[in-house]
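The chains carry the letters A, B and C, assigned in the order they are written, with residues numbered from 1 in each.
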Amino acid sequence: MAERTYLQAISDGLRQEMRRDERVFVMGEDIGAFGGAFKVTDGLLAEFGAARVRDVPIAEAGIIGTAVGTAIAGLRPICEMQFADFISCGFDQLVNVAGKMHYRLGLAVPMVVRLPSGGGFSGGPFHSQNPEAWFMHAPGLKVVAPSTPEDAKGLLAAAVRDPNPVVFLEHKHLYRRVKGAVPEGDHTTEMRARVARVGSDLTVVAYGAMVHAALDAAEQVDASIEVVDLRSLVPLDEEAILASVRKTSKVLVVDEANRTCAAGAQVAALIADRAFEDLDGPVRRVAAPDVPIPFSPPLEQAILPSSQSIREAMDELLAY
Amino acid sequence: MSSSPTETIVDIVLPAMGTSISEGTVIEWHKQVGDPVAIDEVICEISTDKVDTDCPSPVAGVVTEILVAVGQTVDVGTIIARVATGDGPTLSAPPDAPAPAIEEPAATNGHTSGASNGRSQRYSPVVQRMSEVHGVDLADVPGTGRGGRVTKRDVLAYLKQAPTESALHSDSPYIADEPAVAASTPPAAAPDDRGGHLQPLSRMRQAIGAAMRNSLQTAATCHTVVECDFTRVEKRRRDLGVTALPLVARAVIDVLRSDFPALNATLDGTTLTRYDRVHLGIAVSLGDEGLIVPVIHDAQDLSPDGLSARIKDLATRARAKQLAPDEVQGATFTITNPGRSGAVIATPIINVPQVAILDLEAVVRRPVVVTDGDGNEMIAIRSMVNLVLGWDHRAIDGVYAAEFLTAVRRQLESVS
Amino acid sequence: MSAAVVHAVPEVTQLTDADRIELLRFMLLMRGIEERGLTLYKQGKVPGSFYDGRGQEAISVGATFALDRGDAVSSPLIRDLGAHLVRGTDIADIFRHYMGRENPLSHGREGNVHFGDHRLGVVGMVSMLPDMMVVANGLALAFALQGEARCALSFFGDGATSRGDWHEAMNWAAVDRLPVVYVLENNHFAYSTPTERQFAVSPIARAQAYGIASETVDGNDVEAVFGAVSRARLRALAGDGPTLIEAETMRMHGHGAHDDARYVAPELLREWEARDPIARQATALAGLVDADALRRDVDAQVEEAVVAAMTAPMADPSGAVTGVFHVGEPEPIGTGAAPWSGFRQGG
């Protein structure tokens, strides 16, 4: 085990997969010589060369569609959107070409799309989004969102080895702020949830950066709080969610993304459908309001969920 | 519509020219009824919002019907004409089965919550479910939730301090306990200073004990015994490949229904309920754990073979703890058969509110006095068994009991 | 960044008599299937919409005939049935697919010309055009990275050149000198939109601006199309990057069976009818082959396929909710037929 930041763990994962399988290559804007906007791909060009670490034009549709072409020809592309927000420029290729290919034609598309996502640093409306819900809704795409360095490396490896298109959400806020033990060598994580904190009075379901906010909030309340870290949105670990709800009977679902039709809405619907008889209170959600992420710090802080807003929601639900 | 073995009638339908087209108008017929038409030859022309086009016939044959007039607008898929082919099956597609509804691979939903308890206070789903399972009256549970609502924790706390009572079946003194509890072996107790090992009675044993005491305290229990020559029964049962119990049961049923209805009855206080049908309880031993009495409902409808099969099934499932609640309720008369243990007389306790229980004891070989056809008496070796009736003196008296047993005996001694 | 130039054209590759007859036969097969398919559509046997490439057969047949086994096509579009045929796609399966019956290409999940037998190196199209051009870039990139002597071929029409993906693909292919061949089928109309309303500068004239070699060819001359694509293919395999080939033709039917193309001037259709690619090739081969007899053979082959296709049941509804994700080791695209004699002789 080594102590690594979330960002270093992703780099380790890229390196691990590229060493393990020569078909794996990365492409994106400024990822080669420059090492990437966040330095995730720093050092890869020197080790693997320009053929496998490719700087590309500003062409998100081109990046996604080209990745599809290389994948069906037998390679394993890991492409990057410089910010998750720019996936909208490649939406058509991702949803209509990559996502639907296997269902329609029986042709597998083994590719990964890395999306640096999330806000909290005055990135403004086009550098702060959490777009995962769009892709949960698109049949044929898998969607994963690690919250720890260990899972960042492990889920990236799992995504690369999956024969389907996988959208990999790496939360920018966690890049350098979260450190943890990461297994060295070959390490993969199953696309399933994990229980980040065991409890019996109330369950918080979260993923990505919100897992850490939920854990902070759990420390502050005088109750036994269980935190479920989804890790994978498609496939969604329904059994893990339901098992926790059956245990505690009170559940809070947290999204950093804006409320309407966020990933948490699907989780809440699942619980209402399948765990109704185990509920001792309404299924509550904490999420950002339906606004673009604003730039100025007081505005951004007002709308993004925090450990405090989660704590308040916990208190209210515990008292119900 | 006629159709000979060599002739098939084929429908011509209005085609869908494009995904958004829903109807079309016939603008000209190129063929009339009776005209021959070749395969792919144009039958008519149609007009739609998007395009005018012709309709080629899918088969060769003769036009037998024109169903839509020129200028008439019909929906896509409407049959507009029919063609009879003279040369057997043509290039028509197999009829399309209606598409069955797709079932999403959804997981099964949980069962709906039970009926509310009718109170104006609302209880959450989990609290309602717990109250049903544990038999808790939620009115007794103090609520610490918002606005005084009863929470799951409140119910759990209430259950911790409430005494647990097992449910008693009033019909049967032998009650199966819940599997987990009945199967558990109590921890070995340390010996006291006299070498005594203290061990609490199992819940089943306690339940049986309570039921026994209840019966003895309720009924005016008496016992009557009749000796029965079982030789013929023994022979008959071997012929049938059954035990004696089904033969005895059959005899009991016959006698109860013909002459002794007061014994096929239940007594509640001062009301005696007689039954037209015989619901026969058969005591089944569960070994050290105790006894249970599954019930053969409408036993009067079963032959000895049928009774034998039912008894076996119930006994097997009783020992596997798979009996349903209605299989241990509603008996009108009980038979117990502990005879294999070797005892010849016992004092069975009645399953109140029934009024009698028949105990079939051990079959033993005895020297008895028999009389031959000439009236001569001699000693013969016979299989003999005691039929013991436990009966409730509140409902009947001794003569009735003795006469009943004698009638049963006669029936069994004349089995052929 | 090198300036774009049109490189010296390699020697035109040779067609034997048998090749030329094969080209005619494939065009007849495409036309035969589409005429039969249109009739079936009007008889209610083909759900949804029906598209054909009447009058454009020379392009997809001629272009695909120039491909070797390992080359990939991403994708044949709605007027490019000939590409599927040259690669060896089973004709009965095509009819089953059209009719929504059980078939190995689509299992009823796709319809009309949205199919591609990936085992033969053909990727099926999506409706958003020209998305598949970008995928062709990806195929070409993979071939180049793996050092394989393979190229990717992409078809698109005049209308598709207006969308963003066209420009991203053109630009990127030039930057990376991808071994890709683009065939622009200019048939003058995108549905009802004439080219005058589609672009201010003809796409073929833009090729140089993107840094891409280009060539214009008579799209109704199947041998000319073959020649152009052969040259482009050799250029690609030599590492000289992509080529944009404009093949001029005319769309002889409406956009689909639901469009009677009343916006097309009748004189235009008459003019192009006289230049029908099949009649032209038949005339050119008059001494070599009886075109009518060939047509009859083709029709019999098509009929046999239709009969075989009709025996298949409608696709099973239970297949509607399966097959979204692949499980296990994925298989890349395969290789298809390469009927040109030059490939067998090593030419």
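Keep in mind that, in the parts below, contacts are C-beta pairs under 8 Å (C-beta built on N, C-alpha and C of every residue); 3 or more make two chains touch, one makes a residue touch a chain.
Predicted, not measured: the structure shown is a model, and the values here were computed from it.
> If we look at chain A and chain C, which chains touch each of them?
Both chain A and chain C are touched by B, going by the contact rule given at the top.
> When the mean CA coordinate of each chain is compared with the mean CA coordinate of the whole protein, which chain is closest?
A
> Using mean CA coordinates as chain centres, what's the gap between chain A and chain C in Å?
Once rounded, the distance between the two centres reads 40 Å.
> If you average the CA atoms of chain A and of chain B, how many Å lie between those two points?
Result: the chain centres lie 52 Å from each other.
> If you average the CA atoms of chain B and of chain C, how far apart do the two points sit, in angstrom?
67
> Counting only residues that touch at least 2 other chains, which ones in chain B make the list?
none
> Any idea which chain C residues touch chain A in the complex?
Of all residues in chain C, those touching chain A are 72, 74, 104-107, 109-110, 114-116, 118, 123-124, 126-128, 131-132, 134-143, 145-146, 152, 164-165, 168-169, 171-172, 175, 323-333.
> State the interface residues of chain B toward chain C in the complex, per the touch definition above.
13-19, 21, 40, 48, 50-56, 58, 77, 91, 93-94, 96-97, 99-100, 102, 104-105
> Which residues of chain C touch chain B in their complex?
Result: residues 39, 41-45, 47-49, 99, 254, 256-260, 306-307, 310, 313-314, 317-318, 320-321 of chain C touch chain B.
> Note which residues of chain B are touching chain A in the complex, please.
It comes out as residues 107, 109-111, 113, 124-129, 145-146, 149, 151-153.
> Which positions of chain A touch chain C when the two form their complex?
Its residues touching chain C are 25, 51-52, 56-57, 59, 61-62, 64-75, 77, 92-93, 96-97, 100, 102-110, 139-140, 142, 163-164.
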